[in-house]
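Labels for the chains are A, B, C, D and E, by order of writing; each one numbers its residues from 1.
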Amino acid sequence: MNFELFVIPFNIGLYFIIFYVVYRSVVWFLDLSRQDKLRLQRGFFGRAFWQSIKEIFSESLLHRKIWKTNARLGYMHTSLAFGWFLLIIFGTIEADLFGTSHLNPPYKAIFFKYFHPEPARSGIEVAYAFLMDLILAYILSGLFLAVLKRFSSKSVGMKKTTKLLTLDKVALTSLWLVFPSRLLAESFTSGAYGSGSFLTGSLGNALASFLPAEQLAYPFWWLYSLSLGTFFILLPLTRYMHIPIELFLIFARNSGIKTGDQKGSYTDIQIYSCSSCGICIDACQLSFSAGINNIQTAYLLKGIRENIDVTDIVPNCLMCGRCEAKCPVGIEIMPIRMIQRRENIYLPSERKLLKRYFPDRKKSPAPKPPVPPSYSWIPEGRSEKAKVIYFAGCMSHLTPTIKKSMLSIFEAAGVDYTFVDEEGGVCCGRPLMLSGQTKKARELISYNSKLFYETGADMLVTSCPICYKVFKESYKLGIDIMHHTQYIKKLINDDALKLNFMHKTVSYHSPCDLGRGSGVYDEPKYVLSYVARLQETEFEDENSLCCGGSLANTKIDNPTRALIAKDAARELTKNRPDYLVTACPLCKKTFGAVTETDVVDISELVAQVIVVPQAKRLMSNSPIMRKKKVTVKNNC
Amino acid sequence: MNKEVIVIGAGAAGMESAGQLANEGFSVKIFEKDESPGGHLKGWYHLFPNRRDSVEVMDYLLDVIDRKEIELLTNTTVTKVSKKDGKFVVTTTQNKEYNADAIIVTTGFDLFRSERKEEYGYGIYDNVITSAELEKMFRNGNLRCTDGRIPQKVGFIHCVGSRDEKVGNFYCSKLCCVSAVKQAIEIREHVPESNVFCFYMDIRMGGSGYEELYRESQQKYGVNYIRGKVSEVAENYEGKLVLKVEDTLVGKPLKMEFDMLVLMVGMEMSESGKELAVNSGLLTGENRFFAPADHHFGSNKGNVDGIFYAGACTATMNLTETLAHARSAVDDVVDYFRRKK
Amino acid sequence: MKLEGEENKIKWADYQKEIADDHFFYVRSCIRQSLYPGSEQFFLNLLGNILKKDIYENPSHTTCTGIGYHGDVVPFSTIQTVVARHYALMKESGYKNIAISCVTSFGIYTEILETWKHFPEELEKTREYLFKATGREFDIPENVSHTSDIIYKFKDEIASMAKYRLVDKETGEPLKGVEHIGCHYAKIFPKYGVGGAEFPQVLSGMITTWGGEVVDYPERRHCCGFGFRQYLVQANRGYSLSNSITKFESMKPYKPDFILTNCPGCNMFMDKWQYTVKEMNGNTYGQDGNAIPVLTYEELAGLVLGVDPWDLGLQFHAVQSEPLLDKMGIEYSKEDKYKTIDGRQMGVPAKILNV
Amino acid sequence: MSNYYDTLMKDVRFVEGLNACMNCGVCTAICPAAAFYDYDPRKIVIAVQTKDDDEIEKLLKSETIWYCGECLSCKTRCPRGNTPAYVIMALRTLSQQLGFFTESEKGRQQFALKRTVGDNIFEYGYCVAAYAMKPELHPEQGPVWKYVIENARDVFERLGGKYDEYGGGPMRKIPEDVRDELIRIFEVSGGTELFDDIERHSKAKAKEMGLETGDKGIDNPYFMEVYTKDSGGHHC
Amino acid sequence: MSDFGYVLLKNRHIDYEANDKRIAEYIYAREPSFGYCMECGCCAGTCTSGNFTHLSLREINILIKRGETSTIKEQIDKCMLCGKCTLVCPRGVNTRNIIILAGEAIQKLEANEL
């Protein structure tokens, strides 16, 4: 007996999904850029391959990262993924070992019990049956958690879980049905033949005692096959597509492919790799501080995947990067959001089913007619020659003490500097980029670049992390770029700046664009520990919070920002520090409005404790030593 | 003490001061030219800034004067007050004379006659109404244009008869701004689909809760504010009111059509007050209101010892200030008798 | 609009100015005598011969230089002195009431009188200048009236002598008249205008008294667009034209039968621009695609009194008035339209707008 | 010129026209010039009110002061009793005295006004006279006007006029001695001085622009330039 | 048609009734704080672009409400989206989003999608 009608649904599903995944992979591969294709080829024959295998094992199957974030959730994912994996592997071995032939069609392993219902004949077979039941029980325990999570996310340690669409629900139900139906089919079969191990055997016996087990087994084998078939067919339309696609993602990433700034195969692969696990929702301050639960990355990626209108989702994000830091799949969320902002697509295209199976090939947006430059009216900038450029940034103009502090630090350290935006400069361009207007941002970038170039300086220091990030990433200046925290550290190390220690406790808030955004975590803490007692908080480094003032979010209103800021400030000032210190004018302003604790910028603290050499202090009153007068223009 | 004090006018100031006088043990007569007490409060619907029903305040005031020490004489206009040997003689239109030991003048204000701003077409175009008429519409529940339509677009013109050399009033009437805000909100409540625009020169919200009301009008009720003094109003062929103004904050002239325009009429010294002032030798200021003896610590006193002022007969005042002013007038009366002893 | 009814007569009581009733010293308008000489002559005729008043024109009076003043090439001190010279002529001729044909002049005469009240030193300076230049001395007039004021004053007498009324002969309906008051008539000093600046009665009073109906339209008070330098320099004429069109567009839905003005410039522009617009883009603003006849108050009085329209000079307007004449039932002779005073046929203009 | 504001204060129209502006915009709302030019009388008054010399000098050299049509509609309504038009008239006079008017296209037109209206006063005793209103310069007057001018004597005679003859009546000729009186008045009261200012500064500007002005009359390139040139940008 | 050497001028009045206010409606629907402005001018005062040009965010707010589309279009292009305006606003008006939305609305208006 090698064939039964009920294997057809499973077979259709299986061959369909295999064909589909191969087809999509080929399409994606073809659409890759030449360099990326090369990278993939090199990766296939190199270390990347083995790395990927390792990662697939640890992440796709074992879900190591989820375990780290949330053990219960980790168990759930592992049991389903790894358990199923084991079931297939051991099922195949089982079919090979104990079946009648060695070359079995795949369904043989899946429906093995049906085709070989006999009780175990040897000790090995008994042990094997026990193993198979154990794996099934393992999966079912995970499934139990998954069902529980769906109805009460808190029970698995999650505050929120993703909301589902109808198709998702159908796929989910079929997935949920796979294992119970297998359990029941095997149990009835076992009951009828007196086979099975501790799970299927016991259950089978119990059921057979009052039910016609043999007759009932058959429909459950059908149900089992149908569930599998349905699940496979629906796979491309649902988040479960991540199961096959994630493998490609891991391999592509290990081969060195990066998101870049354009939509393409790799963004597609990432989008399909999202399992909507919802960890990003929990990481998001908009969710836990402001109760906004429909704009997070899971929804964004789902929206893009399924051609749903994401107009309201795309700009409603602080771009703080907390979700990216926590994403178990390692999806590069920030660049994808940026691409989406740039694409400026307002209306979703039609949601036809067939279209969703076979989406249009990527499609760079039609070139827009050339537009005249937007900022041609800006008068030509003048800059003085100096060694170091100081660029305060727009926001620092709203916090004049930061500017003043920096100037006094420069003066104290005897730096040859020029304050290029003293009278109000041109924006760095990052806010424009954040709202997707790269072209306009480029104009500002080239304006500022020219201004910087003309100073002949070899160092650019800025007080604003927003500017810092864009200077680093999008300006091609060819000179050193430092945030002022880095620069102060350098001055301290160079012995150019002598500082006192102040007996105050401080806690440090790492600004998003400086910390997660640019990887500058240590220098600010170094400087702070140098001048004051730095307290640890619960939210350090990658886990740090956003102040809520982020320029990246254009949608939320002030009260919402205040909710985020209040929560964050409360967390950061739990240990009652004397100062809440930040390194960003925007964070300073945002926190300043919501907390009783004094909020200061590092530069302000440092400026307070500068040790002025005796001789210099004595001379400071003489007219020849009087410092260059700094005028601070306050616009409001 | 058993002294007799006459209060001239039974508006809010008159009633409140009469009540306080009675509390102090004086016997009080109130003269009211109308047939009933209440003054301008009678015509009002809701009060700013908390939108309380004016009837509540009215009831309070009626309770205040409903006592045996107070005698209310209605339909009686005082034409003259004269002082003889430290006593006062009050003459009425009926040519009767009454004696008193002290007087509190609370003759209040008249609303600016909008016909005098001819360019706004009051009395010429049907749907140009005054803020007082709008209050009556609210009170009667018939917010309608003359042809029976429910107004869909309503404009409020601030400073009608105030801050305007052309009608001889240099002062600010103080309460029109907040009244306009309140009425704008009420229009939006009565006709939720309507559009409401206020035309102002400055939004003067100098009272407790006023600025908050202004903000609410924008946030909750979507009232629009356009900065510019309305220059002229005309009626077009469709019967809509056409308004010309400069949108000064963008520096462009603006034309707009309305179903109804509400003129925020200011306050002027009342005619009866003027007559009383002339006949009795009471000094008035450049703004034609009674001139107080001192701006800061003599706002209830005038040029005749024993004659005191309370309420809007001395300056433009809102209800809160009027009631407080009325009570402080009584303090001055008490002090007057103490000094005389 | 509720202004014109009996019950509203008292509404603008503040603005009922005093108008002398006899012994006028007449001063002319540069524009009116150039373009509407018939009107000025009929005014003299009406007052002197029909109403039997004493009115005198001194041949040595000149321009008041008002257009130069408002074109900013004549300084204020100069125009004050020129006006003072007219006062001197008046004094020399024994008159105390001045009757001014031009609204620009009228505005200037009133402005100067008010200036002398506020700044007596200006009056002294003017006396000095005038004496120095001409040896003349002057008195301030007792009554300053525009000639439309004077016709307004006698509107009831005119009505009682009228041969025609401003009604449609066929239907008996009142004719619809648009009145346009020159800006300088009352906008500068509302108290010098009958009915003030906002709803002046000087022209509307004539229309209603003589049987017509006044159209109240949104741009009623808008300037005709003369703007002095704006019309006088060709490059700026778009301004004048556009302002007049603002008015035409606004009055169009009311289908007016005629426009009545009391200002030389307005009269000219409302009339001539209708020709220009039609030439420029084919637009017309009257009934049935016609233009709207524009009349001076003298012309209207003349028509009502049954004066031959060709003696008034209606044939020399850009917009021809035959449709209006027909509607009122005025008898006129087609042949006499272009004849000299001694009956000689003159020839016909090349292209006439609406006949 | 040390202080423009003080100089302006010597002009009674300026004193009369500027009390204190509170920026209400009532003037601009009904201003016929503001309806068609890039112009806001309120802003002019505000600028003058600053008493800032630079601001005022900017105005004196600007196009904006030449947009006003002097209809004086603004005077009627101002709640502070200002008259923007008077302020502008004072500014225009000062601009001509200082020669700043030639800095702007609209300002340069003063030359055309002087050569037409100004010279008419001396030549005819009228600002505007039928015989000076040439149909070719006034096409908008249409064929009827052309006809009237071609038949001027007949037309005026029929309507009781005295076309270019001495005596009373419309369009009569102003006697020589009367015109002499007028000219003397101009000399005594500063009128001639202003004429000369306009001529002098315009001639200087014309020279700079390489255009002829002639000594009088309108048949010269500079006149035609200022009379007809509209380089745009005045309205929006 | 004849040429007289001058042309009819366009009326500068904001013709509220005739103006297309769809951009304002688009913004109102997405950013309610659009209506909270009290025209204090803080945004315009602090504006990075306003430092160089006559860009006034306060004016833009009004012009959008009045439907002066052509002016808006030309003005909002000058904005650098730096966000200072939003930070200083005493009424919590999300000016930056208003500018972004206005840009969107104009694009849609031009594509006939509004």
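Operating definition for what follows: a residue touches a chain if its C-beta (ideal position, glycine included) is under 8 Å from a C-beta of that chain, and two chains touch if they have at least 3 such contacts.
Everything numeric here is computed off the predicted structure, so don't read it as measured data.
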Check your understanding: Stepping chain to touching chain, what's the minimum from chain C to chain D?
Key -> 1
Point to revise | Joint neighbours of chain C and chain A, given as chain labels | key: E
Revision key, fill the gap. Max Cα-centre separation from chain A goes to chain C
Revision key, fill the gap. Contact tally winner between B-E and B-C is B-E
Practice item. Measure off the straight-line distance from the CA centroid of chain A to the CA centroid of chain B, and report it in whole Å. Key: 64
Review point. Where the CA atoms of chain C average out and where those of chain E average out, how many Å apart are those spots?
Key: 45
Study note, to complete from the structure: Separation of the C-alpha centres, chain A versus chain E, in whole Å, is 36
Review point. Among the residues of chain C, which are close enough to touch at least two other chains?
Key: 198, 221, 234-239, 241-242, 246, 276, 279
Exercise for review: Going through chain D residue by residue, note those that touch at least 2 other chains and give them in order.
Suggested key: 30, 34-37, 76, 140, 228, 230
Check your understanding: For chain E, what residues touch not just one other chain but two or more?
Key -> 2, 4-6, 9, 11-13, 32
Review point. Hey, which chains are touching each other here?
Key: A-E, B-C, B-D, B-E, C-D, C-E, D-E
**Study point:** Touching residues (chain side chain D, partner chain E) in the complex
**Key:** 34-38, 139-140, 228, 230, 235-236
**Study point:** Touch list for chain D against partner chain B, complex
**Key:** 22-31, 34-35, 40, 42-43, 76-81
Check your understanding: Which residues of chain C touch chain E in their complex?
Key -> 234-239, 241-242, 245-246, 276, 279-282
Study note, to complete from the structure: Note: in the complex, chain E contacts chain C through residues 1-2, 4-9, 11
Practice item. Note which residues of chain E are touching chain B in the complex, please. Key: 12-17, 32, 35-39, 58-59, 62-63, 65-66, 68, 91
